[in-house]
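Here subunit A shows up in two complexes: once beside subunit B, once beside subunit C.
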Partner chain A sequence: MSVIAQIERAGLLGRGGAAFRTANKWRAVAERSRGNAVIVVNGAEGEPRSMKDRFVMTQRTELVLDGAFVAARELRANRVVLYIGERHAAARDAMLRAVQGRPERERRLVSVALAPARYVAGAEAAAIHFIDEGIATPVNMPPYPVERGVGGAPTLVQNVETLARVALLARGLPAGGTLITLAGAVASPGVLEVDSETTIGEALAGAGGMSEAPRAILVGGYFGRWMETQDAVAIGLAHGNGLGCGVIGVLPASRCPVCEVAGIMRYLASESSAQCGPCFFGLRALADTCTQIANDVSKPEDLSRLHRWANDVRGRGACKHPDGAAIFLSSALDVFARDFANHRHTHALSRTA
Partner chain B sequence: MSDSILWYTTRGAGAVTLILLSSVVVLGILGTQRVQSRSWPRFLTTGLHSNLALMTLVFLALHIVTAVVDPFTNLGWAAAFIPFDSYYRTFWLGLGVISFELLLAIIVTSLLRGFIGHRSWRAIHWLTYAVWPIGLVHGMGTGTDTWSAWMLGITCACVAAVALAVVLRISSGAQDPLAVPRAAFRGAVDRREPR
Partner chain C sequence: MSDRPVMLAVDRIRCDGRGLCAELLPEMVRLDDWGYPILAAGPVPEHLRSHAERAVEACPVLALAMRRAEPKP
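After this line comes the complex of A and B, so read on.
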């Protein structure tokens, strides 16, 4: 059975956050490749709380490279680019060391590009723009990378964990399982491997439980969704469940949700690449309004603006940055509705992380 | 009676199209300016601009369809798409057809901006400065209502609004409101070797 058929049968979904069907991506590149395809091994990991990509690059280095070279063989690629976050020095060193141990026919395919430490740098289109031109801003799609990516060649941009899963499949092993990063009010935060049957509650228990009484849980990192704790703990950790990049963040009850959300919105607004007006001005307006509420008393008109504008910015950018931020904010307004409606500047809770 | 309903609809929809198109032009121009407040962030101006443009197209379609199907004018479909093809007020109607087709091109390329790229989109978008005056002259030339007080009022208001916006645009010089933040971000993610 071909590797693509194995990937298909396992139902593998991409682990970079978008949960795209891996088999479809591979097939699209395979159809177009004339021995010129490019494999981009995506270890940019720009998601602030995520650590699982660095974990897999340092601890399962050979699996990542195996997956990359399986892809190179299967998709008839003549180039493998390791796209690794410029601040992830340990991961980079581990990967480079492992490349030295590979046979010459594999080694000569490899080059390295160090991804700028910005949120959007991990997006497929930004990776390709960076490898081609040295600037990690997302560009318009289509053409999609599988059609015209690095140097105009069909390109597979694949998250490092996904490639490691492919390597397991190619060895005839089950690829099931998911790497998650537990963050926030957790007794022992960090990376955990779980199977898809495990619930978020069980995963948290496995990490020594929560370190404080929780207020809510953020599922899927900064492009994810806030959920009430009792709803979140029941969720199974299977991809396609809105797990995104796999970050599970526990907000303790001692922290102010409004101040926390305002801080993250300011961060996401500052990470807009300012190429599309609605993203740059829209996210800034949303972040400013959140901050107004956080710094002052909540006003009903501020709240209704947030609700309205969060819908208005969706689908208005060349990439999905405004959509991710809007989904995050809408879920916050939902779960923290009462906190947003009754916020006082001088609350007893500590301000932010 | 049903015939005159069509005829009145044509004229009414034409007037509404002029109002909407002028608003779209004004909003498009204001979108490049620093027009914003706490309750009206700039991205809403562009959103309203594109939504109103789609609405303009709806009223323009109504204007054209009712004119064509009206047995009184007996225009035929060819006259709606081929400039200067109608026996009826050939020149003024032809201007309307040109204006309509340019507008259609502008709207279609805006919807497909991701496919055609920013540069070509922008080049075609400049045609707006032809669409609006041609459409205006079409209305005044063909217009059954041109010299009625209410239509004259609408025309003057539209001309004044667009003229004001254009003056504002010219006096503020060429400026891209995103230029500074975009350059800053690009600089932060630029790892090209210094030459």
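After this line comes the complex of A and C, so read on.
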């Protein structure tokens, strides 16, 4: 059975956050490749709380490279670009050392590009833009990377964990589970491998449980959703369940959710690549308004504005950055509705909790 | 010939929020609070085609386009 058929049968979904069907992406590149395809090994890992891509690059280095060269063979590629976050020094060193041990016919395909430490740098189109022109900002799609990517060639941009799972499949093994990163009020935070039957509650218990009483759980990192703790713990850790990049963050009851959300919104606004108006101005306005509510200087109409703007910015960028920020904020406005409506009071409560 | 629906599309990177589209085609384009166009969902209806064409031609930064819907690869 071909590798693509194996990937298809395993139902493998991409682990970079978008949970795209891996087999579809491979097939699209295979159909277009005339021996000129490019494989981009995506280890940018720009999600601030995520650690799992660095884990897989340092601890499962050979699997990542195996997956990359399986892809190169299967998709008839003549280039493999290791796209690794510029601050992920240990991961980069491990990957480069491992490349040295590969046969010449594989080694000669490899080049390295260090991804700028920006949130959007890991997006497929931004990776290609950076490799081609040294600018890690997203570009318009179509054309999609599988059609015209690096140097105009059909390109597979694939997350490092996904490639490691492909390597397992190619060896005739099961693809295994999912790597997640536990963050926040967890006894032992960090990377954990779980199977798709495991619930978030079980994963947290496996990491020694929560270190404080929780207020809510953020599922999927800064592109994810806030959930009430009792709803989140029941969720199975399967991709396609809105797991995103696999970050599970526990917000303790001792922290004020509004202040937390305002801080993350300011970060996401500052990470806009400032190319598209609705993202650049919209996220800024959302972050400013959240901050005003957090500082108790908001106007009565601010809350309804947040709802409206969060709706307005969705789907209106060249990339998904505004969408991710809007979904994050909308879920916060839902789960923390009381805190946003009555911040002065609830802030004091969370501090004395 | 194709009977795929005709869609309006904004190049979000190119768009500068000049707002001519909303003036020429208010039936399908409104502006957000920062002056950038929000397009109505769905294809351009037949009776608005000529207005839509005018809006496309008037965009000073060539950010507005009308094209037949294409399937994703």
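Couple of notes before you dig in:
In the analysis below, the second predicted complex is superposed on the first by the 340 of 353 C-alpha atoms of A that agree within 3 Å, B and C clash if a C-alpha of one lies under 4 Å from a C-alpha of the other, contacts with A are read in each partner's own complex, and residues count from 1 in each chain.
Here is the rule we use: a contact is a pair of C-beta atoms (placed from the backbone, for glycine too) under 8 Å apart; a residue touches a chain by one contact, two chains touch by 3 or more.
Every value quoted in this text rests on a predicted model; they were computed, and no experiment measured them.
Once both complexes are superposed on subunit A, the partners subunit B and subunit C clash. Judged by the touch definition given at the top, the superposed model places A:A28 against subunit C, while subunit B stays out of reach.
Residue contacts after overlaying the shared chain place A:E147 against subunit C, while subunit B stays out of touching range. In the superposition on chain A, A:A318 contacts both subunit B and subunit C. When both complexes are overlaid on chain A, the residue A:P103 reaches neither subunit B nor subunit C. Shared-chain residue A:G134: touches subunit B; no touch with subunit C.
Set against each other, subunit B and subunit C touch different numbers of residues in subunit A, with B touching more. In the superposed model, A:W309 makes contact with both subunit B and subunit C. Using the contact criterion defined above for the overlaid structures, shared-chain residue A:G282 touches subunit B and also reaches subunit C.
Using the contact criterion defined above for the overlaid structures, shared-chain residue A:G172 touches neither subunit B nor subunit C, since it reaches no partner.
Across the superposed pair, subunit B and subunit C both touch subunit A at residues 140, 142, 275, 277-278, 281-282, 285, 309, 312-313, 316, 318. Those residues of subunit B that touch subunit A in the complex are listed here as 31, 36, 38-39, 41-44, 46-47, 114-115, 117-118, 177-178, 181-182, 184-186, 188-193. Listing the residues of subunit A that touch subunit B in their complex gives 114, 116, 118, 121, 126, 130, 133-137, 140-142, 272-275, 277-278, 280-282, 284-285, 288-289, 301, 305, 309, 312-313, 316, 318. Across the complex, subunit C is touched by residues 28, 139-140, 142, 144, 146-147, 275-279, 281-282, 285, 309, 312-313, 316-318 of subunit A.
By the touch criterion given at the top, residues 11-13, 15-17, 32-36, 38, 70, 72-73 of subunit C touch subunit A in their complex.
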